[in-house]
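Lettered A, B, C and D in written order, each chain numbered from 1.
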Amino acid sequence: MERNNIPIKIRLGKIRLDSPVIPASGVFGYGDELKSLIDYNKIGAIVTKTLTIKEKKGNPQPRIWELENGLLNSIGLQNIGIERFVEKKFPVIKKLKKPIIVSIGGDTEEEILLCLQYISKRIPYGLAGIELNLSCPNIGKNNLISENAKDTYNIVKQARKITSQFLIAKLSPNAGDVGEIGRAAQQAGADALCAFNTFKGLSFDWEKQKVLLGGVSGNAIFPLSSRLVYQLYQNVSIPIIGVGGIHSGITGLLMILCGAYIIGIGTSLMLNPQIPDEIIEEIKKYIKEKNIKKWEEIVGFINDKKRENKLLSDI
Amino acid sequence: MERNNIPIKIRLGKIRLDSPVIPASGVFGYGDELKSLIDYNKIGAIVTKTLTIKEKKGNPQPRIWELENGLLNSIGLQNIGIERFVEKKFPVIKKLKKPIIVSIGGDTEEEILLCLQYISKRIPYGLAGIELNLSCPNIGKNNLISENAKDTYNIVKQARKITSQFLIAKLSPNAGDVGEIGRAAQQAGADALCAFNTFKGLSFDWEKQKVLLGGVSGNAIFPLSSRLVYQLYQNVSIPIIGVGGIHSGITGLLMILCGAYIIGIGTSLMLNPQIPDEIIEEIKKYIKEKNIKKWEEIVGFINDKKRENKLLSDI
Amino acid sequence: MNPLEHKISEIKEKKIYKKNFCLLAIKNNFHYTALPGQFIHVKTEDVFLRRPFSIAKYSDKNLSVLFQIKGKGTFSLSRKNPGEKIDIIGPVGNSFPYEKFKGDIVIAAGGIGISPMIFLASVLIKNKKKFSFFYGARNKDLLLDIFLPSGKYPAVVSTDDGSKGEKGKITDKIKDYIKTGKIDAIFASGPYFMLKTISEIAQNANIPCYVSMENRMFCGTGVCQGCVIETAEGFKKVCTEGPIFDAKQIKWKETTYL
Amino acid sequence: MNPLEHKISEIKEKKIYKKNFCLLAIKNNFHYTALPGQFIHVKTEDVFLRRPFSIAKYSDKNLSVLFQIKGKGTFSLSRKNPGEKIDIIGPVGNSFPYEKFKGDIVIAAGGIGISPMIFLASVLIKNKKKFSFFYGARNKDLLLDIFLPSGKYPAVVSTDDGSKGEKGKITDKIKDYIKTGKIDAIFASGPYFMLKTISEIAQNANIPCYVSMENRMFCGTGVCQGCVIETAEGFKKVCTEGPIFDAKQIKWKETTYL
């Protein structure tokens, strides 16, 4: 089973993963589209685009905007809806025999929970994880659910009652204190955290004189997201899926050393489909150099959990 | 006096500025060091390095770390202390006949206020502004003062009592809701906001196997900082000094269109000392094209204050 | 559709035309065959995202892209030289449905839009299909008529300013032409508003019309939903549900997508 | 110190030595004169920050930098060609205080550390100062002895492995040499631990010693406090309070700053 040759066991809940590298939600379709492009032996799981209770049309154009060293997107969660996914897509990706993480979301807390109920009924077991995309508007408040600790706690708590499958809370990096949000999700019963979704960003179409609001991903955010993972790791004991700007072997490894138990690749997966392999090679080198015997040793290797008080930006 | 040729009046409080472009604190020394390098006619004011009540030694090496498209720094506020500044430096920069903004800070609220008291006594009037660097640790809390609305309110309120000079609150971009922080500072009596300081970031010295924590500045953060200025502008009515990743004529102009009344240049000023001029040229072109008559028209030109509810990242 | 492939291929040849156009012939190391209308998604320096380019020429040995130097990405690509490698994903997308049509086909190309039509015409020739090639540009500096495939078929070349070929819009030439006889289908590639006009002409004349659409792309592989355009059946992805669309299906707008 | 200047200057000449070293001669359009030990802060592509390089040669017409190709920045700089412009800030920093010393001076250079010493030696020659030049490197591939200025002065060249010149550490040669006579001062430039050793040697022999220090730099103009090193008088900026320091003042460490 050690197809990636990492001589170390990596588990998400009870499921053994072939690789600590997984796709991030939204850049991998519903799981089988990139079969010919990406070496599935090099990824630990399939992660679906976020699915919602009803099909979503998504945002108008433009949805994609190139930045100097990153990407601004505002897809608006276009997806086929959970029902069609369960009926048409799930049977197909099941055959790929990879652990499956289904990402679910919605415009409101209620929608997310309805979606969770639906999938829990239709696929009551066997998923590697259900990821709650908590980067959705906090109705009536001027932020996203995972920018508020109480709201995060509440929705995860309710979600926990609905499913006993492996539950991942995907967080926004735009919270004031991601550690607090992470602790809330953990206390409410999340099995793991996915950190992070995109950073709020802006660009401008000078030709059309139009403001573009969306989420920033890719290389530019790595120094920020890795810092937040570093910070989150000091606050929680459940595994973290580190996501945000990973774009090379070295940045993948560094995210793990900061505290990510596994890592997700979004933007860079499309720019370089070979990236899972490059990261695995880097990790293998490091494991050998440091003579590491257990995956947990490498996770957070450079992160002194005790340094918490010094974590403030010193400008 | 229109030495920059922008045919429009720009004022900070009661002071007329020659240019809407100013340096950001920390990259301009105490004000006169770069006289031969930077065209003072092209900048609106002098902005000092943050000064503290006592001289500060700053952080150990390394303090500077190059990123792919930005800079990570942890200078640790090394400075000569407010007293030596007032005695040795202030008389020198006064002779330059530019508006002067003095940045003050400290490790605690108390230190900042002591510093403010000191400067208010020694230089009771005539400054273009006193900038409170609120990106300092929030003692006993796990964040910076300007990451918390109440703490921001309290310190600005107290500062307001101490001085009647033009008071600028410099905010951290790492707050969950910068709009809320901005409103707090405004309500407490701030005359303007400086938005923003650096983003919390991380890098790693592979050779020395050492984690580097610090603040990220430069190009990489522009899509994020401009978004936050856009958001802040919808929440306050006092002027915003937009800072963060501006590195070209176009990004300077865009920051103003997002809602900055004037703009500050940090990192890029050292990489390209001609940047104030490049920005001014871009602004002049735009003013002409759009036939703009008053500076206020261009500020926030593309920002629909009413769009507040749609401001959430839609991923 | 064939499975997508990711390849690092060698550039075999480079030519610059009229200063602003570049042809790169790349070693064809794809396992599967490409179809006319498909594109490749190309990585280059100095820009963050890949860039999509239609396949302009195709053989077992090489495949070529022909592009206009427009911004940073195309500029950096145009600086690459034979012997260097480039990183491509492809062939992506659907293709012109020429097999569906027995009779006369009109190929309509505008400016750099000729690129996929070179490949298409060569396939039509190989398949002994009847077609006529209409090619227009704003002026002679933007006209790449040297790329009209050799072979026997009617060709009309025009420029808006008459600096080369006939004077006038190529869409007007097509409008006149289709009055003269029975046309089975129009296949078009070019600027948005040219495609929109051709679409109207075709619809008025009741002729099936297929157009090659463009949009900003991130993944270029159908997974990100970034490149969708509005159609009668809702949003469709240009990269994998296109780039070739039935012109009737497209909700044409007053402003371009790009 | 002279006022700093920001210039866009033309590259007049480029030479590559031993594959990994590059000499760039740049048109000297500075208004003020540079002194030996000063550096310029250079912008280049593919990297974010400027890069500091000592002035290796200096005349009214040109100034040259001589550097080792180490990472992305020096690589990109080494690809520039005569005729291209580069963006420089300078001359920055203080200089070797050679005027203070009447008698014999020892110049000690290690590896690419020879760069500022070329300029320094030429100034000493012009000023008719007595000096001897000690130059060492790990092996002959890292030895740039062709840059020893012509003129009459004692020169000792060594490599650690003996592949060229005398065998052994240049610091040992210096240690032996200073026993033989009265030396007024040692000026040194090279790797951190070489400077540290020389500093110890000088201190034991009670000879004034000045060293050219390096550190990571952002502004390179003394305003950011990024490049400080620890000295007896607290943190000092390498860029403008250095790069030349009295070796006694430096708090030498077990690990390098870089």
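The rule is short, and it goes like this: contacts are C-beta pairs under 8 Å (C-beta built on N, C-alpha and C of every residue); 3 or more make two chains touch, one makes a residue touch a chain.
From a predicted model like this one, the values you see are computed outputs, not experimental measurements.
Considering every other chain in turn, none proves to be in contact with both subunit C and subunit D.
Looking at contact counts per chain pair, the maximum sits at A-B. The centroid of the Cα atoms in subunit B and the matching centroid in subunit C are 49 Å apart.
If you average the Cα atoms of subunit A and of subunit B, the two centres end up 33 Å apart. In whole angstrom, the spacing between the mean C-alpha positions of subunit A and subunit C is 37. Touching of two or more other chains is recorded for residues 26, 67-70, 73, 75, 219 of subunit A. Residues of subunit D in contact with two or more other chains: none. Chain contacts here run in a simple line, from one end chain through to the other with no loop closing.
The complete set of chain-chain contacts reads A-B, A-C, B-D. By the touch criterion stated above, subunit B contacts subunit D in their complex at residues 26-29, 33-37, 49, 57-58, 61-71, 73, 75, 78-79, 208, 218-219, 267, 270-274. Across the interface of their complex, subunit A is touched by residues 26, 59, 67-70, 72-77, 133, 135, 137, 142-144, 147-148, 172, 174-177, 179-180, 197-204, 206, 209, 211, 213-216, 219-224, 226-228, 230-231, 250, 254, 257-258, 302-303, 308-315 of subunit B. The residues of subunit D lying in touch with subunit B in their complex are 3-6, 43, 47-50, 87, 89, 215-229, 234-235, 255, 257.
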